[in-house]
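Please find the structures below.
Two complexes are shown next, each including chain A; its partner changes from chain B in the first to chain C in the second.
Let's look at the complex of A and B:
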């Protein structure tokens, strides 16, 4: 544990040193956040509420979605891809620590650094240019945080499982893009699923993506409460268990595979 | 006269050789092609589908129904694809400047700007054409586009102008690295801004943004003005009846400016190392 907390601390310090990346991320998120808010404002010109959601909630949704995207930043896929490409994965696996725990500690450290570097500026910009993203009810704050934590773990496991593909498919850059686009578009991060056709919504709710963005966001704007809230969190827990299991199995097999490759 | 014709033939000849080499380079890595064949269509097809769901729920966005929106979006992706094929190098100019890659181009007896873009034609950009064409044809179907020779010609003019505007802006942005000498990669911001301003109706943005994108940075001319003209949609901000031709004109203008700016920048170029 001591080792991993040290790795985590080192990553926080390392993340603090690369300034341009930080500003770049803020600029990117700001562009996406502002244009999305104009999109909603234009759509809501002739409508008061659609699907039980009004413009104010939708703008809050947009700001908080940008914040969640900061928290759901992972590097584990790139980390694995790079070490497979360079061949350093063999050395990584030989060290007397669990390599995936190290990756996790690094990502955790990175997110902690991003909380100060990206999250605060984005909330600040959102408050000034869009609106102050107020929580629907004080009682839901706990549920929101629980759901967000679960989303963080699910997201990391998805990234790690996906990253293990790099052991077999060597060139991952395009595949990483596919994953990024799919999560961005099908998780409700920009356009919530309640605008999608019924059949597609049912299909997408069977995938873990919705539980990364839309569930915590719905809790935040007060669209999800009572039974649907309990159901949502339960499904998150189920996904967490399933993905942890898949991750555990794959991680063992992947390690063996790399050993054989190295001779 | 023969001298000029000879030069033009020489350039065309070299272009074909370059395209052939680019094709061979791409075919060398088949797994890479499959990856991009998946990635780019997913991005634009799924991206459009989600917008369409929201818009059809509300009826329209600023007077644009989703058929018209598909027409706009499709042309935006098509012009994006074309600019990716020919001008994507502009995004990475910083790298070339820092590593002194321009030395090679300077020693050859052809225009440096031509060499820079055409020795590295990006065939992968073709994968962007597929989703663009799909969404555009869907839009044509929805708005009842009349496939007359005149209309097809107008689309051709529009795409040429739009590609030149995009390419020109990439070159101008890239050329600034001759002075800054920094390697900052602003590719993704450029794409994000272009995506958001050419795929949605410009009229949904505040007036200040519309002013900037109409008169200062001509992004509004890439798709918004010509497409509103073709579809007979009016907007409050600017009325013109020849927007398609203006797009071509502005495209040529931006490209000429970009070429002049590039030559100015090149004079400031210092090679890396010795």
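Let's look at the complex of A and C:
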């Protein structure tokens, strides 16, 4: 355990010193926040509420969604892809550690660094240009944090399971981009599913993606409470269990299939 | 104690189609071909041995080292290190192994050398006092301390290899694998590397297995060599014994005053150009002195020298590049 907390600490320091990608994401999130908020403002021109949600809540949804995207940043797939490409995966495998625990610790360290490098600027920009996020109630914030935690683990497991493909030296760079954008689109992070046609909503609710963004977001704005909240968190727990199981089975086999490139 | 029992390793090499269509097809079905890199290899290594692992390019040396250090899983067969199967108990067994790849570093590119060591200290759970002690010993052999504050990305190849050697020894492993450690090093750096291997072996009784294409490394360090070719074991044994067995001859080089070179029944004249002739003779057939005497009776000799069959010849014979 001590090993992994040290790895995490080192990763925080490393991410703090090398600020790769950080500004790019701030700009990206600003653009997403601005365009979605214009979209909402246009839509709400002739209506007080849509589907029982006010414009203020919708703008809050937009800002918090960008914040969640920072928390749900994973590097594990990239990390595996790059290590396999360069052959440095050999170094990870010759040490007395569980490589996935190391990857998790590194991702955790990254996210902690991103809280300062990415989350703060995004909240700041969001507050100034769009809307100071409204609080539905203290209880909803607490439930939001719990749901966000679960989303973090589900998201990481999805990434790790996906990343295992890279062990057999499949070039994953393009696939990773596709996955990232697909998740943002299918998870209700920009447009919540209650604006989608009924059948599509039902289909998407069968996938884990909605429970990454839309569930914590609806909890935050107070749209999801009571029974639907309990139902949502339960589904998150079920996904967590299912993915943990798949992860556990696959990781045992994955390390055996590792390709080590280069002499 | 290392026991390698009938290990085989085949790589799946994926056939990629040409162009865009090939790439698309590759997404759906992936035809793969098996390449046998290591075939049924077995050997035992006792504690405290220094074993040279040699063979031509692509022989399967690195593959074998990677399997012995727990990085790759053999397709079949088993590897026991100090009695434990490395692939069943990888996490425990690698605690007792150090590995250095000459062409790949285990040091962290983003950190200073000292920080990289500190990370390893945590990973291998080495206590501070022990760590300082090892570092002092390593400093005496490799003069590592001045490098500690240097970022790894700014180090020269030689400095980096030194760093890697120390990194591999920090947790005081009983087995050290070195895969082409001297590649690209200058004479001075090679010298300190060999000194390092000798001292670590003598002081700590560390077992060392090294692969190299530098015969100097073998001659100066190894009591035992294992030769492999095409993934198969060809020779395994004491260096001198192998020399005596597969190349039990010497070469007499004679320079005459004129171009006529006499022959002798008990040796073979295999080279003759201008005034110089080379004779190959078996040690059991005739002594060098007798041969020189017989030759000098027939022609006037200016100079002679004797060449022993060295490791050079052994390797070429073993690799099948030189006919006996």
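Note that the second predicted complex is superposed on the first by the 254 of 263 C-alpha atoms of A that agree within 3 Å, B and C clash if a C-alpha of one lies under 4 Å from a C-alpha of the other, contacts with A are read in each partner's own complex, and residues count from 1 in each chain.
What we mean here is this: a contact is a pair of C-beta atoms (placed from the backbone, for glycine too) under 8 Å apart; a residue touches a chain by one contact, two chains touch by 3 or more.
Computed from a prediction, not measured in an experiment: that's the story for all the values here.
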>> On the A-aligned overlay, A:52 touches which partner chain: chain B = first, chain C = second, or both, or neither?
In response: neither
> Should A:173 be classified as contacting the first partner (chain B), the second (chain C), both, or neither?
Replying inline: first
> Where does A:182 make contact in the superposed view: on chain B (first), on chain C (second), on both, or on neither?
Replying inline: first
> In the superposed arrangement, does A:226 touch chain B (first), chain C (second), both or neither?
Replying inline: neither
> Between chain B and chain C, which makes contact with more of the residues in chain A?
Replying inline: B
> Taking the two structures together, which residues of chain A meet both chain B and chain C?
Replying inline: 169
>> Applying the document's contact rule, which stretches of chain B touch chain A when the two form their complex?
In response: 29, 31-32, 34-36, 38-39, 42-43, 46-47, 50-51, 53-55, 57-59, 61-62, 184, 188-189, 192-193, 196-197, 200-201, 203-206
>> Quick check on the complex: what are the chain A residues that touch chain B?
In response: 20, 24, 27-28, 31-32, 35, 38-39, 41-47, 50-51, 169-171, 173-175, 177-178, 181-182, 185-186, 190-191, 195-197, 200
>> Under the definition above, what is the set of chain A residues touching chain C in their complex?
In response: 2-3, 6-7, 10, 14, 17-18, 87-88, 90-91, 93-98, 168-169, 255-256, 258-260, 262-263
>> Touching residues of chain C toward chain A in the complex: what are they?
In response: 11-12, 14, 62, 66, 69-73, 90-92, 94-95, 97, 99, 101, 103-106, 110-111, 115, 119, 122-125, 179-180
